[in-house]
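First chain A sits with chain B, and in the next complex the same chain sits with chain C.
Entry: the complex of A and B
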């Protein structure tokens, strides 16, 4: 089963455990500047929203890359940057409609979420289940369940 | 390392910024944050110094767990000699600023001297420089954050600043970071203002790495988080209701100080409680509470984000206050509400916004308004002096006085002195509900006896965050003790004080201690920090910090006489509730406490005690 990161922003408290987990997983340090998931704080609305790559099926970044440095991991479906091939041209950062692939000045390469080989550290670290890792074909299951729960079955039972 | 091993020394008089290595010998004895910064402070500053003179210093400090995924590992503290108290001050704040400072590579910043003109400190990793702040002076903390972020074209900068209260010499001004988190008490923001230091802006992209044993640390941090999630207070009560979960609980206990401590129960407590924040308003059908909010790294998320009722008299025609913003915490709701008999939730939220926006402590402000209302009701301060009628319960007076205090207008100037100076000025010093010049927080010590000893002996003046025996006396953490008796409270207070000093020095939030004992913190510290951090060593560190602070206060001129409560709490019994008929038994607890501490009858640490602690 292929799985996807699923984000329910209404549950996010803005603790940034996901950002620390991401940078630690990929770089061995706790460093928000190196996180591939970012939490945005819309202060005046009281909303906090985690945001990262959705792993597009037809990935703009992958199609735009002139040196084929971005490839699909067959097991996870993640679009993964091969740093050995990446030349740091940044065309993918322009191509991505969502801004989720970014240049890393320290390495001279781009980086993006690679789903941590199928065990995303952000989802594991999230204390409120705002970020979960679920069946790609059923990312809507929780929402469906919630609405299903509101269905009024009383009328039929009494009919 | 858990420590970056680097401190930044900023000479505001000369305008210089210099990096220095951290004293690692001291780090082993005082851990970090509160302990370590206080060690630097007492080693460099004359205890007799005038808090508002250039000779006073101000330290912003992180702990070894700040900037790590240890739950709540984002704390920082401001250490100085308090403007309100003249005692050692250490005010702790969450938000994101502390972690950012650590990510920039600094354990602490020591500010000394006084800048000839308003400045702000700009830190970008290892680069630090003072910049002109003429355009920021006179601005609120919110405007200051926005202006600095715009000027640097970087929304990811984190900022701590003072508002107009800190500029205007309000003696309980705070340092506000991330819009609505604050190093709140004792007037640390007043000291910052006296130095012409408007703000500290930080962008840190270096991160925290090289912990002693990262694998063991991640395991210990995860285990700690599990304990927090499984605990009724940190896993359910605080996330669901915030600290406001206490309003109805403490009122039921007859320990909610009301109308300047005349009463111990507030008839309108429910109207200003967490439950009320979650109810739909009749005016607009919306709830006051918008969202829960966590500080950096916090898996509890007690913070509240609220929206004020746009039709409330305080904000009609003021759309700048209509957005989501920092919501009421229990202490603020009590001080702005019960302490002066105001049961209007929206009015409290407005006053709270003003406190955040212009940077002053809602506890001391609210309690000072309470004292002023009593003086008004006694006919000692007249309507003409205040500029309005100000009886207990007046929401209008509360809101207007908040604004006047922020900008130092009219009677607001007098409220800005705090209740001790205000009441002394009008010949009624006994009406100030304070210890060492600092106002009580939200627990009446007639109904929770241990808190009387906590307040009387707190090194930074009356405060609940130095030994929160409410945990034991009300919630049964770690063991239930009877709130109505004095027996055993000396030992309890000492144990809480010493343990709290360790939490405050580690970089984590004291709220974890509802679920964590030192035994939960120890494995996290030991895995993160160089050295062998045993339970025994941590216990010693806590006691050492407490005695170091005590020594500073004694040298500053405080005596056993200052370890006392206002006469009201010792002579006027609680009128209602479970504590009806009781006064606080401080005179019984104090000598026991001194003995437990290894201090003499005058409250001076004995030679043996000091020697044992290496002081």
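Entry: the complex of A and C
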């Protein structure tokens, strides 16, 4: 059974350990701007919502890529950017309707969550189990629905 | 079942792969007339910049990709289609029979009807062959004149600048990327590239090009100062490759007309990609859209229908992202907005000093279009919001007050509604 990230926003305290861990895992530095997971802050509601790629079945990013630089990792099911092949055209960043592929000007390439080869640093770093890595018996859409229910529309957000 | 696919660009290729997944037994033949393996035009600028070799432009990297999937590649030019006998004819007179046919022949660049456009140092930049020729001539310091500052023109400009060419751009419209950017955003892009040393003339046209010794001299409309160049690149738009369909009975407007199954007016003949005039997501009318994400979406829809699985396209939605010498812009859907009497409202955030810009356009409480400059984080959700026609409810007013909160609005509305 493949595993996927499960996010329970109600447990998130906004400590940003996940963002730090993600940046460190991928770039060896603690730079929140480089994190592939983002915690959105719904201020008035006091609610924090971690958000990253759900490795969706449609794989909009992968299908839009003109040079075959995004591939499925057979072991984890993650859609992974091959930086050596990516030309930095950014078309995946506008094709992904979830907004979870982003361009990094420093590297001239795009980045997205790759599930850290099956050991997601964000989940390991999360002190409250708001982010866990569990058997994927849910589809990407179900996951989105689950997160969504935990995001109150009446809340005013800043992120 | 025998599927023939004419055109081996991204549309043809994605259709072939989709068909293979759906029909393990079918014969699939992918026909293209260029002397290259299937490649991506979108990668040409990066080839020109020298970041990748030719093989970096190939749509699939593994040499046995096609054999493994039993996708037969055929290099040939198709000269005629007979939907009654269900055969196509190749330029060498050979015929191929089909059960289902996909036309994915893309488009070709047009050259304005101006004297001198056929001179040897005047090039279009559309194929790998074009790119090889340009790479040989656009040496550092070469004076390059480019006609057209549309989307493709701007992408080529970026590559030429990276090669160290001295660039002059002449655009007939009143701003850069006029068909993708709002007036304000197009103007800001112009300022940015001018600062980077590119000379930009808008509201002007080239009226003639002459060879004078080694140099080309281009006359400019309204008696402007002639422009001297070593090389002229023509990026003045593209037209669908439909010539070979004359007399076939397939309905054609400006491109091949298709319904939302990507089927043409003729049974068992489908079309997708740059060559079609497909139904627009917002307009509901036939539209030409020469962009890759649309092309491959259409390819998948066509392939499903060819395999007998009825699948409907939501209509083509123009989405573009552009990098003009480090300034990144994007545009989505009906970026110009809707009329007030039809429920249209919008918001424009302008920060000229920092080259940041964001425009969101709504109809009622639904996002229908967006334009951004200097924004790279999470821009994909603009597509998500538009394509899912998410009702933003209270979020709309918040976005009118602060459009930068689009990601929060997305989390708060689209995911909830999903």
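What we mean here is this: the second predicted complex is superposed on the first by the 137 of 159 C-alpha atoms of A that agree within 3 Å, B and C clash if a C-alpha of one lies under 4 Å from a C-alpha of the other, contacts with A are read in each partner's own complex, and residues count from 1 in each chain.
Here is the rule we go by: a contact is a pair of C-beta atoms (placed from the backbone, for glycine too) under 8 Å apart; a residue touches a chain by one contact, two chains touch by 3 or more.
This one's a predicted model, so the numbers in the text were calculated from it and none came from an experiment.
In the superposition on chain A, A:24 makes contact with chain B only, not with chain C. Contacts of A:93 after superposition on the shared chain: chain C is touched, whereas chain B is not. Residue contacts after overlaying the shared chain place A:63 against chain C, while chain B stays out of touching range. Judged by the touch definition given at the top, the superposed model places A:103 against chain C, while chain B stays out of reach.
By the touch criterion defined above, A:16 lies against chain B but remains apart from chain C after alignment on the C-alpha atoms of chain A. Once the two complexes are overlaid on the shared chain, A:85 sits against chain C while remaining clear of chain B. Of the two partner chains placed around the shared chain by superposition, neither chain B nor chain C is touched by A:6.
In the superposition on chain A, contact is made by A:48 with chain B only, not with chain C. Of the two partners chain B and chain C, more residues of chain A are touched by C.
Against chain C, the residues of chain A that register as touching in their complex are 38, 40, 42, 49, 51, 60, 63-64, 66-68, 85, 87-91, 93-103, 105, 141, 144-145, 147-149, 151-159. Put simply, chain B touches chain A in their complex at residues 67-69, 71, 96, 99, 103, 179, 204-209, 214, 218, 225, 229, 290-299, 301, 303, 305-307, 323-325.
The touching residues of chain A, counted against chain B in their complex, run 13-17, 20-21, 23-24, 27-34, 43-48, 125, 127-128. Partner chain A is touched in their complex by these residues of chain C: 10, 14, 40, 42-43, 46, 51-52, 56-61, 292-293, 296-297, 300, 319-321, 323, 326, 328, 330, 332, 376-384, 387-388, 393-395, 398, 405, 407-418.
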